[in-house]
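You will see subunit A twice below: alongside subunit B first, and alongside subunit C after that.
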Partner chain A sequence: MPSWPANTKYISQSTKRVDAVAKVTGSAHYSSDIQASGWLYGMILRSKWPAAKISDINLDKALQVPGIKAAVKARDGEFTVRFYGEELAAVAGTTKQACLDALHAIEVKAEPRQEFVVREDDAMKDGAAQVWDGVPNVSTGKVRETGTVDQAFTECAAVIEGFYSAPVQLHHPMETHGNTVSWTDDGVTAWASTQGVSSVRDGLAGALKLDQSQVRVLTDFMGGGFGSKLGGGVEGVLAARLSREAKAPVRLMLTRFDNALAVGNRPSSFQKIKIGALADGTLHAFEMENYGTAGIGAGADQGGGGGGAQIPAPYIYKVPNTRVKQSAVAVNAGSSRAFRAPSHPPASFGMESAMDDLAAKLGIDPLEFRLKNDSNEVRQREYKIGAEKFGWKEKYQKPGGSPGVVKTGIGCAGANWPAGGPSRRTQGEAQINPDGSVEFRLGVQDIGTGTKTVIAVVAAEMLGLKPEQITVKVGDTNYPPGPASGGSTTCASISPTVYDICTKALDQLQTQSGIADARGDNWFAACKKLGVTPLVVHGTWIEGLSTRPAYGVQFAEVDVDTETGLVTLKKVVAVHDCGLIVDKLTTESQINGGIIMGMGYALYEERVMDDLSGVVLNPNFETYKLSGIADVPEIEVFLINMPERGVIGIGEPATVPTAAAIGNAVFNAIGARVGSLPITPAKILAALGKVPPVAKS
Partner chain B sequence: MKAFAYATAHSTDSARELAADNGTYLAGGNDLLGLLKDYLVPAPKTLVNIKSLPGMGEIVRSENKWVIGSLVTVGEIERNEELRKAFPGLRDAASEIASPQIRNVATVGGNLAQHSRCWYFRHRDTVCLKKGGDLCYARNSENRYHSLFTGNDCISPVVSSLATTFAALDATAIVLCNGVETLFSMADLYQKAFTTVTAHNSLAPGDLILRVRIPTIRTRSAYMQVSDKHAFDWALVSCAAAANVVDGKLSKPRVALGSISPVPHQVEAANQFLEGKPLDDDTVSKAADMILAGATPLEHNGYKVPMARALIRRTLLKLKG
Partner chain C sequence: MEPEKFGAHSRRTFLKSLGTVAATAATAQVQSVAQELEKANAEKVVGPGAVPVTLKVNGKPLKLMLEPRVTLLDALRNYSNVTGPKEGCDRATCGACTVLVDDLPVYSCQKLAIEAQGAEITTVEGLAKDGKLTPVQQAFWDKDALQCGYCTPGFIMSVTALLKFNPHPTADEVKHACAGNLCRCGTHPHILQAALQAAGVDIPNKTEVINA
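== the complex of A and B ==
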C-alpha cells in the first residue's frame, strides 16, 4: 500500500497559490474575460410571469436591431413557464446595448396565469394553485421511525419543541454563470465558467447532438460555483445555438439579475422539532417534521445530495428513538441546485438550535451537552481544542445572563461531511522535458480552491523540486479526464493521482537515466539523459492515499444590541480536519470562505418572493444581502493534521456549522430563540417582544 | 436604456435651456443611471451634464452659515475637517452612505433628489402605484423596509441620510425654479412625497438644486442609523439631532428621522418639548414617545418603532458630547 511521505518540505506546509500573482495583477483570464476572435455578446430574455402559457415568440423585430446577429427561442412551439425568470429566447449582437434593445423588441404572446404560488405555506394549503398540473404541490415522504418514540418522550426528564427555519439561499458566485461558445463545422469550443469541464462537454454534446469528441471545454480560471456550475446550463446551449446561427463565438455571461432567478439555490427548510433527554443529559427521543422548497424542482424528492429539500436528521447525534417525516413543496420559483454541503447547513441549524434549547431546559452547558451526546471521536477532540482556544469556560454565561443593553453570547456547533472522498476515475499525465521542466496536465478544474497549487505541492514534494518549478495545466477536456469539482472531492481525487504519476515518472526516469534517485539535486542530470524525447507519464488515482469523511466544529461570539436588534459577529474559532493537509494556506482559505458564507446564511441572505406578483423581489446585491468586509469577524482556524487518514476535502464541511453556532450565540446572548434565518434586527426585536402589533388601518 | 442626447451645461441658464425639452440633469449619475437602465422612468431626450456648472462644487463658510454646493460629493463632506467640526452629525451621515467609491461620485444634490428605493418601485416587472399602477404591493405584501408614517397610499420612505441630517440642522435648499432661486426647508423639499403617490420630492421637472445653506446656530449635531449590515447598506431607520447644550440643557433642539416616512420625520411639538430640558434619560424617552406617536406599523415593519425609539434616545444623548 502506498503512503504519504513522513517528513515533508511542502505537503502540510504553507505554499502560496501558484497563480496568486496572476490573480491579483489581473493577468489571469477568467471565463468572463475570454475574447475569442470576432466574439459577440449574448443575452437571455426571461419570463416576466411566474406562470404563463407561451403561445408564440416572434424574433423578427429583435433581428432588425442594428448589431444583432442572431436570435433563438429557448423552446419551440407552445409551452408553459412555471417561474419568474424562466428562459424564453436569446440574442447575440455586437454590443451589450444592442442585445438589451433586442430583448425589448422580442414579441411574446403569453397568457399569464393568475394562479401561481411562490411561498411554501401557501403552496401547502388546500386548494392552492398547482405548480404542475395534476400533481400535488406537496410530495410527502414516508415516516421513518426507529424505537418507540411516543413512549420514549414520556421517559425524558426534559423535552423541548421548536420551529426552526432557513430561507432559500441564492447562488451568487463572484463570477456569474456563463461561457463563450464557438460552434463551427469542426465542432464546439466552450470556454465555460464551470466546476466540471468533462460534465459540461458531455452535456453540451448530448444537447447539441454532437460527438463528445467534437466538443472541447476550457476553464483556465473561474470565479466560484459552489455546486451550481456542474453542468453547461441553459446558457451553455443557448450560447452554442446563437454561435451556430451567427457564425461567430458568443459570450453569454449571465447578469446578476439572471443569477438571482435561474441558476439554482439552496432549498428552504422548515423544521418542527421535538427532542428530549434523560435526567443524565442523554438524548433519548427525537421527532421532526421538515418541509422545504426546491422551487419548481420540488414535489418530487431529489434526495440530500442533489439539492433536494430533504435533510439528514437527526443531524450528527445518535438518538435511540426517532421519527422523521419530510416533504418537498413545489412553488413557482427557480429550482434548487447543489449548494456547498447540500442539505447540511439547514440540518445543522435546526438540530444544533434544538440542542441548545434543550440544554437550557436541562440547565447544562451546551458544550458539555454535546460532549456527552456526540459519539464522534474526532469532533470530541475538536471541541476540546476549540473550547480551549476560544476560552469557552471563561466566557460562558447562562442564556440571557450577559448584562447591559448590548449583550454578549457564545455558541458552538458541529459538522459532518460524508462526501469529500475521491473520484476513483481520476487520471492525469506529466511531461518531463530534457531540460528538466515538467508539466502536469489533468482534466480537472480549479474552481478557486487552489487545485493547481495542490498539484504543484504534491508534485514538488514527490519529485524533490520546488512548487514553482512545476507547470500545472488543468481545465481542458483534451487532458486526461478528471472529476467534476463537487462534494469536496477534488483534492482527494487529484492528490493520489499526482502521487501515482510522480512514482511512475521517477521509476521510468531512473531506469532510462541510470540514476538511482532522480529526485532533487539529481533531477536535471537525470532529465538531460532523456536526450531529445520528453518523457510522458500517465497516472491514475490509487487506493490508500485518500479517504472520507470530514468533521469539524465552530465556536461563535456575538454582540446583540437589544434595543436596535443589531447582531455583530465578533469572533469565530474553527477547528477542522481533512485527513492529510496538503497545503495549509489554501485549506485555511477554504475555511475562512466557508465561515463567511455561513455567516451570510445566518445573518443576511434570503431570497424574497412577492406573493402578489410572483417575482423575486431582491434580484441584486442591494437587497439580497451578502456579508461584507465590515461584517466579517476575527476568524481563527485550527487544523488537525491526520496524515494517516490520507487526503479528504474541506470546502463543504467548513460552511456547515457556522449558522448554527451563530444562532446559538444569539440565543445565549439574549435568552430568546430566533428560530428563523436570517437573524435580522427585526427578528431580534420581535424575539425580545418589543415589536408592537400591526396597526389597524 | 433608450438612446438619448448628451449635452454639457456651463451655466445654470444653459442647463435649464438644455433640459427644457424633456431633459434630465446628470451629476454623479448613481441614481439616474439605475433608473434608466431598469426602464423605471420615462426616457429623457437629453441628459444634461451639470458637473461643469461653476461654483456649485464648493463648500463655503461665512459668519453665520455654511453653504454647500449641490455638486459637492458625499466623500468631500465626509473628509472636510472644518465641516466635520461644525457639524459632526453631517459627517457621520455622509460616512454611512453607500461605499467609498459611490461617495466619491455621489453629489449632495443627487442624494437629496434620489428616487424611491422601494423594491417594488425598483423592480423592472412590477407596476406599483408610484409607477402609475393601481396597487401598492408593499402595503399588502413585503413591507419590511417601508414607512411608519405617510399621507398617501404609497409607503415608500425617504432614504436620503443627508436630508435627515439637514432637517435636524434646519438647513435650507436653494433651488432654481423657473429661473428663480427659491428656498426650501427640508420639510418643503419632500412635502409632496408625503401627499402624492407618484412624487418622491417636491421638485418639478427642470428644477435644479443649487446649494444647501446650514445655519451655524447649533454647535452640536449627531447622526445614527441601523442597517441589517455593518456597512454599505441602507438604513432601516436613521436619526439626526442638533442643538446647543448649555449647562446640560438643550436649546434650539431639532430631531429628524429617515426611512420611516416619505419625508424626514419631524415633530415640532417634540422639538418644543425638548427646549430647555436637561439632556437626560427621561427627557429623551419622552421625546421619543412624542416623535413616534401615531406610527402605523404594517405586517413586517413594526420593528422600526423600537429601533427608532432607541435611535432617538441615543442620538439625542450623543449631543452631550
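== the complex of A and C ==
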C-alpha cells in the first residue's frame, strides 16, 4: 500500500499559490477575457414573463442592426416559458452596443399566462397555478420512519417544536457564466468559465450533435462557480450556434442580472421539526416535515422528495425514533443547481437550531448537549479543541442572559461532508525534459481552490524539487481526463494521481539513467541522460492516499443590538479536518471562504420574488447583499492534520455549520429564536416583540 | 494636441447655464432649461456614431473609435486588450473594474471613455515595472489574498490608491477603502492582511495545525 512521506518539505506546509503572479498582474486570462481572432460579442434575450406561450420570434429587424452578424432563437416553433429570465433568443455582433440595440429589435409574439406561482406556500395550495401542465406542483416522497415515533415522544422529558427556514440563495460568482465559442469545420473550441472542462465538452457535444473528439474545452482561469458552473449551459449552446451562423468566435458572457435568474441557486428549505430528549439529555424522538423549491426543477414525482426538499435529517445526529416527510415544490423560477455542499447548510441550520432550542428547554449547555449526542469521534475532539480556543466556558451565559441594550451571544454547530473523496477515474501525465524541466498535465481545472498549487506541491515533494520548478497545465480536454470540480473531490483525486505519476516517473528515470535516486540534487544529471527524448509518464488515481468524509465544527460570537436589530458577527473559531493537509495556506483560504459565504447565508442573502409579477426583485448586488470586508469577523482556523487518512477535500464542509452557529449565537444573545434566514434586523425586532412579524417573502 | 474633455466640458457649460436659469421666472423655467440644454449641446455634439477617442492607459496613448456611450471599462476590455479590469456587474456595485484615474480609484464601468480623455488611467497591468511586483501585489501573493482571482485587480487598485494617500492606514481604513469591492470566494481576511503588510505591518498568520 502506498503512503504519504512522513517528513515533508512542502506537503502540509504553506506554499504560495503558483498562479498568483498572473492574477495580481492582470495577465491571467479568464474566459471573459478571451479575444479570439475576429471575435464577436454575444447577448441573450430573456423572457420578461414568468409564464407565457411564445408563438413567434422574429429576428429580421435585429439582423438589420449595424454590426450584428448573427441571431438565433433559443427554440424553434411554439414553446412555453416557465420563469422570468428563460432564454428566448441570442444575438452576436461586433460591439456590445450593437447587441444591446439588437435585443430591443427582436420581436416576440407571446401570450403571457396570468396563472403562475412564485411562492412555495402558494404553489402548495389546492387549485394553485400549475408550473408544469398535468403535473402536481408538490411531489411527496415516501415517509421515512424508524422506531416508534409517537410513543417515543411520550417517553421524552422535554420536547420542542420549531419552524426553521432558509431562502433561495444565489451563487453569484464574481465572473458570470459564459463562454467564448468558436465553431469551424474542424469542430468546436470553447473557452468556458467552468468547473468541469470534461463535463462541458460532453454536454456541448451532445447538444450540438458532434463527436466528443470534435469539441475542445479550455479553462485557464475562471472566476468562481460554487457548483453552478458544471455544464456548458444554454448560454454555451447559444454561443456555439451563433458562432456557426456568424462564422466567427462568439464571446457570450451573461450579465449579472442574467446570473440571478437562470443559472442556478440553492433551493429554499422550510422545516417543521419536533424533537425530544430523555431526562438524561439523550435524543430520543425526531419528526420533521419539510419542503423547499428548486424552481421549475422541482415538482415532478421524485421518490424521496428530491428537487430541493431532500436534506439529510436529523443531520449529524442519531435518533432512535425518527419520522421524516419531504416534499419538493415547483414554482415559476429558475432551476436550482449544486451549490457548495448541496442540502447541508439548510439541514444544519434546521437541526442545529432545534438542538439549541431543546437544550434550552432541558436547561443544559448546548455544547454539552452536543457532546452527549454526537457520537462522531473526530467532531468530539474538534468541539473540545474549539471550545478551549474560543473560551466557551468563560463566555457562556444562559439564553438572553447578556445584560444591556447590545447583547452578546455565542453558538456552535457541527458539519459532515460525505463527499470530498476521490474520483477514481482521474488520470494525468508528466513530461520530463532532458534539461530537467518538468510539466504536469491534468484535465482538471483550478476554480480558485488552488488545484495548480496542489499539483506543484505534491510533485515537488515527490521529485525532490521546488514547487516553482514544476510547470502545471490544467483546464484542457486534450489532457488526460480528470473529474469536474464538484463535491470537494478535486484535491483527493489529483494528489494520489500526481503521486502515482511521480513514482512511475522516478522508476523509469532511474532505470534509463542508471542513477539510483534521481530525486533532488541528482535530478538534472538523471534528466540529462535522457538524451534527446523527453520522458512522458502517465499515471492514475491509486488506492490508499485519499479518503472521505470530512467533519468540522464552528463557534460564533455575535453582538445583537436590541434597539436596531442589527447583528454583528464578531468572531468565528473553526476547527476542521481534511485528512492530510496538502497546502496549509490555500486550505485556510478555503475555510475563510466557506465561513464568509455561510455568514452571508445567515445574515444577508435571499432571492426575493414578487408574487404579483413573478419577477426577481433583487437581481443585482445593490439589492442582493453579499458580505463585504467590513462585515467579516475575526476568524481563527484550527486544522487537525490526519495524514494517515490521506487527502480529503475541504471546500464544502467549511460552509456547512456557519449559519447554524450564527443563528444559535443570536438565540443565545436575545433568548428568542429567529428561525428564518437571513436573520435581518426586522426579524430580530419581531422576535423581541418590538415590531409585528415580517411578512413572508 | 491635447485631447478635448468632451463630457466634462459640455457638462460644466450646461451647469453654468443652469445658474442663469434659476434666476428666471418659475413658469418659464422648464422651457428655459430645454433651451439652455440645446444651446449647451449645440456647442459640441458628440455621437451617436463612433468618434475618435484618445486615452492614456498605463502611460501609453490608446487611440480608439468609440460611440460616446461606450464606458471606460468596455473601451479597455473590448475595444482594446486591457483585460485586467474585470466586469462583475457593469453597474457600480462590485468593484472588479476599479482603475485609477489620476490616482483616484474609479469604477471604470461608470465612466464614459470620452470623459476619461486627458487623464492618467492606471490598470492592474500598469503597476509592476520591469517584472517587479509592487508591494501591494507582492503582499497579495504572500498572504494568499486571492482565490479565483477575478476580484483581485479591483482590490489591488483600491488598496494601491489608499496607500498613495495614506501610507499607514489602520485596519478600519483598509476596510473603508475596500468597501466598494466584492469578493465571493471570501478572501477578505487575507486581503486585509495583505493591505497591512504592504503598509509595513505584518499580521502573523494565526492558523494552527494540530497534529493528531
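Note that the second predicted complex is superposed on the first by the 683 of 697 C-alpha atoms of A that agree within 3 Å, B and C clash if a C-alpha of one lies under 4 Å from a C-alpha of the other, contacts with A are read in each partner's own complex, and residues count from 1 in each chain.
Criterion: a contact is a pair of C-beta atoms (placed from the backbone, for glycine too) under 8 Å apart; a residue touches a chain by one contact, two chains touch by 3 or more.
Computed from a prediction, not measured in an experiment: that's the story for all the values here.
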| item | value |
| --- | --- |
| Partner chain in contact with A:I595 - subunit B first, subunit C second, else both or neither | second |
| Comparing the two partners subunit B and subunit C, which touches a greater set of residues in subunit A | C |
| A:A630 touches, of subunit B and subunit C: first, second, both or neither? | both |
| Partner chain in contact with A:L278 - subunit B first, subunit C second, else both or neither | neither |
| Contacts of A:Q97 with subunit B and subunit C, given as first, second, both or neither | both |
| First (subunit B), second (subunit C), both or neither touched by A:E563 | first |
| Touched partner set for A:M642, first subunit B, second subunit C, both or neither | second |
| Contacts of A:A682 with subunit B and subunit C, given as first, second, both or neither | first |
| Which superposed partner A:L210 touches (first subunit B, second subunit C, both, neither) | neither |
| Touching both subunit C and subunit B, counted on subunit A across the two superposed complexes | 97, 622, 627-630 |
| Complex interface listing, subunit C residues touching subunit A | 67, 69-70, 74, 77-79, 81-91, 93-94, 96, 123-125, 127-128, 133, 137, 140-142, 144, 146-153, 156, 174-176, 178-179, 181-192, 205-212 |
| Subunit C partner contacts - residues on subunit A that touch it in the complex | 12, 14, 16-17, 19-30, 32-33, 35, 41, 95-97, 172-176, 221-224, 226, 253, 255-256, 385, 447-450, 581, 584-586, 588-590, 592-597, 620-622, 626-630, 632, 635-644 |
| Contacting residues of subunit A [partner subunit B, same complex] | 48, 84, 97, 100, 561, 563-566, 568, 603-604, 608, 610-613, 615, 617-618, 622-623, 625, 627-631, 680-683, 685-686, 690-695, 697 |
| Subunit B residues touching subunit A - in the complex, by the definition given at the top | 1, 117, 119-120, 122-126, 135, 137, 140-142, 144-145, 226, 228-234, 236, 295-303, 305-307, 309-311, 314 |
